[in-house]
């Protein structure tokens, strides 16, 4: 009886067309050419359990006392085609993540130990939505909106972050305005900032123009 | 023979199930509840040719010498489910559209009579991409990036604009920073702008805090 | 000068068509009718910062020593249209989450304090992919595949979980086979389990038939 | 031991948030308002096995000797959100399905007993792709292209048809040109057909204008 | 006059930009690298009518008296980007297709000659939805749910099957549990099956561990 | 202070994983292989402002007094993945764009100087929707429906056109029926046109068969 059953399944498989190589995932082949839908798939036969696992490389804190570790597609090819990616932030007491936006991703903060104050500005009517988040809080920052995160306390705070893009881009306001060769007169003209202010921050952020 | 053919088609239709009300479009019923995929469809039997036509309501130029007319879903329900919308901009000589971003839409400018200078800042590496556009030029501004448009000349310039959203939102930098109750100290802290600069522009844009 | 600038912006806004109510998010109105694309949007004018925040309700550990708290769309309407949801699992030492599948969601485990062993079975060729995960490890379990999680240690382990669905469903193998009125003979016939085994587990899981 | 296991699962379920009503399907509530993404879902608690089953209502053959039975969303609400629908065609010997296009659906014919000749015209370069199909043949007709099906034999032919739309629309060439009030002079002008030809077929298809 | 018209169209085409190679389909080039959105397109100029046609290769019945022929993308490259595929099943009297799930595809059975009994188990509340299908019945099995098909009669039954994936994967329960090196103790621990039962079926399905 | 701030940002960037090459756009590499989701992306480091700009190549008017210039993906690689493209039409007085359909794109006409009469035929019930459009009018022609455009006046009319496809295909009715080797008897049989009419137009459009 046992062997009958075994042969049953063997022949079940044989009775289907033979060259079907079903895949239920598409691990990115990062050496292939990226398309709007993602990278080519690594050949399924070469996929192992390690393709599904990633360990954050702990980033060292910067002068401003925070670090950010990423699990984007470039580090973790299993995210190919899934449409999101993950980060881990550690903010020492007093840390400030300055105003920035992710042009192509909604961000979700999952608060861990410690607490932070996060805020974003709506485009509908320029409302400022600010919230202090402690462990177990989730905060959604809609795609493309300017936002910031601050650790007002003295204790370190840690959080996981989800982005709805496999490789979220970041537009940091100060770098966009002052950290490049954006013509200073044009900056003033399109932002109404005083020329002196522009000049000063161009100096800080090593911009020219 | 003729009648045979006619009956043929009559019966062709009859031979299909009778209560199929095929629709090949979904005009928004703006009184219905909006969903992430758009508005409910107006009943197909009530749709007329006028549902497919829209005429721009000419906006009057503002003090800064430009006007912007929109064909967004709220004005033009035929855009329901199509994923884009249209605008028409007229910039008098010297007009400036200040730095802003569309968090949920790529913008495409189709230059008409006259010329403008448009620019955006990439998030990848803060490059400033600026171009002077004359009639027949098309310019793509990727979703969510800060950009501006200026008419440096003396002649009026006109252009059509396409957005990849049925109702693009706008985050105007100055209004986001200074036109609301965003706490001034927090603005300085997250932008590195001098408190005096923040105070001054809060005054200009009628912000508080 | 200042007032000129202010009027500029006021008129900028006035110069656009007046009844545009741009929204850049769609908070679910859970009282509305769900569609394949999600719930209707809560009116934007009634949205506050609290709509973007959720705090996990800590679940009490079950007999098997684990608890699972969810931030699915039913608890957190801000997820509407975003295509994913979040959970938090706490596994006491020895806890076992039995074999199950999420028919409509890829699952991503973000390992926190402690460690767990997780595994899934591929459908391609029935490979068993098992991995022990410690803090900072991420593990991707492709959509629809049978998987389990075990805490083999003595220490509690905690992790965040992401699902690529706003409300992931769960097919728990034992409940699917034994916790309902699935005819026992049919279970045996379609699984090759011995009738005695089926009868025994029907008893355990309160099934009938 | 057995009871322990049972309680385990009961508490497993209880340990999750209580008001999650996971659904893994969305049966259309046809009385609700259709959106670009489909109909609202029937409440999951009212769904039974019969919602997943449909039986073709056999259509009677028309004068031209074919019948077409449909399983579109209007007849079969389980197709809601799935993006395709099904038909069954029976063509008696000599039957002709005249030139038509499905503006929103690719069509796939799965040949059953008998044989038919099907053809479509590419838009790339106006190639005519014609093929005689017998049982077990599959034929793909790309979305929106003019095509026809003929049973040149004497035997009845039967086939299943898949459309990549829950409710494919049909533009039948003769009805579009001659079966309505399309101004005859305009028809001639935009098709280069002789006015006499237009007049004649307007008569056949009961058009006016 | 005739020649005027002809030149009209020739120049119509010439008046458009010359290197547009419009394609309205994307036949898979199976030698290219697969991406999450499908395979690269075969060059349109090399496409012929045969690319749109497929004939099922009749599979021989297995010991268990059923055969399954597939038209998946690997056999039929015209399905590229269409999001579904097709199969043909023939079940001799008494045939059983054991419990399995398609992690990435909804399955639709279109009953042909003969009859079968098909069933699936919901994940919402573990309901068992079973139905006997005869010719002309359609049955929808939602994505990822465990299901089975049995021919209880003596007559052969035939059916077409649609899957909402170009290459549906299959997770056959017995092979997932017993046909691999899944550690036997772990199987027992995560399924509550008795160790003897696991051992017995490991023998049947040639598993190890 | 200034330098502190600068180092802050330098280290901010350094503290993220180093090989992230975020891109917020995907300019087509037209030499790469097209997929259902578009072309591979040009390497971001080689992208310049000119990749985002296109200038229409003015097409010369044809005998029928209209010209059509295109900004499809083949001319303007920045459209990759955006799902639409643009055209510019110029119709001299009396110009006629004959009946045709775009199988894969909704078309939107944005009327410029002059006026045109445009019309399409619905598939629902063969209604003829005709409208005269002047400057500032927008007209939506749903995907796949037969339509025409005529300049009934004496003045030139100009308009921009949007298509919801990066490379819309065109099925021109006369070329589909008469400009190829479509067997004449088959044309008559599937359109009910008189054989003489078919023969005559086959002559005009240089068809054979």
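We call the chains A, B, C, D, E and F, going by the order they appear; numbering starts again at 1 in every chain.
Just so we're on the same page, contacts are C-beta pairs under 8 Å (C-beta built on N, C-alpha and C of every residue); 3 or more make two chains touch, one makes a residue touch a chain.
Everything numeric in this text was worked out from a predicted model, so none of it was measured.
Shared contact partners of chain A and chain F comprise B, E. Both chain B and chain C derive from one sequence, and where they touch, under half of the residue numbers involved are common to the two copies.
Most remote from chain A, judged by the distance between CA-atom centroids, is D. Note on chain placement: the centre of chain A and the centre of chain B lie 27 Å apart, centres being C-alpha means.
One inter-chain figure worth recording: chain B and chain D are separated by 35 Å, centre to centre, where each centre is the mean of the chain's CA atoms. Between chain D and chain E, the centres computed from C-alpha atoms are 20 Å apart. Residue numbers of chain D whose C-beta contacts span two or more other chains: 5, 21-24, 35-37, 103-104, 123-124, 130, 142-145, 169-170, 172, 174-175, 179, 192, 200, 204. If touching chains are joined by edges, the resulting network of the protein chains shown has some other shape, matching none of path, cycle, star or complete graph. Here, these are the chain pairs in contact: A-B, A-C, A-E, A-F, B-C, B-D, B-F, C-D, C-E, D-E, D-F, E-F.
If you check the complex, the residues on chain C that touch chain E are 96, 98-99, 101-104, 119, 121, 123-124, 126-128, 130, 142-146, 148, 150, 169-177, 179-183, 186, 189-194, 197, 200-201, 204. By the touch rule above, chain E contacts chain D in their complex via residues 5, 21-25, 44, 48-49, 52-56, 58, 71, 76, 78-79, 82-84, 86, 88, 106, 108, 110, 112, 122-124, 129-131, 133, 136-145, 160, 162, 164, 192. Chain A contributes residues 2, 4-9, 11-12, 14-17, 19-24, 26, 29, 32, 35-41, 80-81 to its touches with chain E in the complex. Interface of chain D with chain B (complex): residues 33-37, 57, 59-64, 66-70, 72, 74-75, 103-104, 167-170, 172, 174-175, 179, 200, 203-206.
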